[in-house]
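Structures are listed in the sections that come next.
Two complexes are shown next, each including chain A; its partner changes from chain B in the first to chain C in the second.
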Partner chain A sequence: MLHTVNKSSFERNSLKSCINIIDDTSVILLIEDGVISATKNINSSMIANLANQGRVYALQGDVEARGISSKLVDNIKLVDYTGFVDLVVEHGTSVSWV
Partner chain B sequence: MAIKKFMYLNRRSSFGTVYAIESLEVVLVAAAFDQDVSLAFIDDGVYQIIEGQNTNGIGMKNFSKTFHALGDYEINKLYVSAESLEERGLSADDLMPLVYEDEDDNWVEKSSVKVVSNAEISKIMSKQDVCFSF
Partner chain C sequence: MKISIQINEGPYQHQASDTAYQFAKAAIKKGHEIFRVFFYHDGVNNASRFTIPPQDDRNIVNQWAELGIKNANSEPELVVCIAAALRRGMLDESEASKNGIDGNNIHPAFRISGLGQLIEAGIQSDRLVVFGD
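Our next item is the complex of A and B:
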């Protein structure tokens, strides 16, 4: 499954809820303010392991808009909108954790 | 018209909601009426003034550039929460170099941005006539 998260982990608990529920084959795509959770900060332990397993993606346009390209947690994969579509196709059911 | 002290409290990042750009609009309105304006950036609000924002990929206006104009409207008190920066793995070096020209000091260019503790922001807040939260 593909899980998209669009809220900052400092603002809402949607990323935490998502991580608590998902199975071992699911991947997470951080979009909009969700990309704030892709940066190295006091919450980044939440996604560090998943990122090391290659299961965390972030939308590049949203990362660049926020000026945080150089602050990302290791092994986060950046995708553009085409990459977003590929993830949807590849992972079947999508859940949007709005 | 009597001059009042206005503080604008910015708690959210720039593009996920409309709060940040709306705050900036209202700040400019207050400036047009020659009021005493301060801005505070706390929580995700600190992301509003990060250097190097590029919105080409999301088709939204990069209004971070507008912050550079505030100095010309005599808005030169921008307080940034040290704690909020720290929690987010950020420092003063990651912020835009926002400046104003000090008319009382031979128009010397000075920084408008001050990184201060939450306790300091609280103290400044208590001295305001009006606080707006965005």
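Our next item is the complex of A and C:
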């Protein structure tokens, strides 16, 4: 399954809830303010492990718009909107955490 | 692949409508079919034909309209939830006359219908992607 998260971990608990519940085959795509959670910060241990497994993506346009490209947690994969579409196609059901 | 989209947030509110639009555009470009876009909750405000953004800003309503998402019968598949629309003062011609109101504001590229259309989109499409707050 594909899980999209569109709010920062400093604003909502949606990323934490998502990580607590997803199975081993699921991937996470951070979009909109959700990309804030892709930066190295006091919450980033939450996603570091998943990122090392290659299961965390972030929407490149939203990362660049917020000027955080150089601060990303290691091994987060950047995708454009076409990549977003591919993730939806590849991973079956998509769940939006808002 | 058949993809449907649900939008729960109005235009210019945060980013959901923009993200959904860019997603829909990329999907169409890749050769996928956008079966239906369902506007729910505050998302119904994306269907107002009265929006006038500044000239140097994107016009979200027109962007959606220009995608021209239609079915085989040439009916728009930009579908606005009727209950969510009516309680927010979003009316098409038929609902305005039915309720004795002297104006309507739904853009002609959109149509008003019920929640059954969202369920049907979920059944008929391979994927349903939700955007919103």
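Everything that follows uses one rule, which is that the second predicted complex is superposed on the first by the 98 of 98 C-alpha atoms of A that agree within 3 Å, B and C clash if a C-alpha of one lies under 4 Å from a C-alpha of the other, contacts with A are read in each partner's own complex, and residues count from 1 in each chain.
In this section, a contact is a pair of C-beta atoms (placed from the backbone, for glycine too) under 8 Å apart; a residue touches a chain by one contact, two chains touch by 3 or more.
Quantities reported herein were computed from a predicted structural model and do not represent experimental measurements.
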Contacts of A:E32 with chain B and chain C, given as first, second, both or neither: both
First, second, both or neither for A:Q60, with chain B first and chain C second: first
Partner chain(s) touched by A:T82 [first = chain B, second = chain C, both, neither]: second
Partner chain in contact with A:N6 - chain B first, chain C second, else both or neither: both
Which of chain B and chain C A:K40 touches, first, second, both or neither: first
Common ground on chain A, meaning residues reached by chain C in one complex and by chain B in the other: 6, 32-33, 61-62, 80
Interfacial residue positions of chain A with respect to chain B in the complex: 6-8, 10-11, 32-33, 36, 39-42, 44, 60-62, 64-69, 71, 80
Residue numbers on chain A that touch chain C, as the complex places them: 4, 6, 31-33, 59, 61-62, 80-82, 84-86, 88-89, 92-94, 96, 98
In the complex, chain B residues that touch chain A: 12-17, 43-44, 47, 50-58, 60, 62, 64, 87-90, 94
Parts of chain C lying in touch with chain A, wherever the complex brings them together: 1, 3, 8, 14-16, 19, 22-23, 25-27, 29-30, 32, 127-133
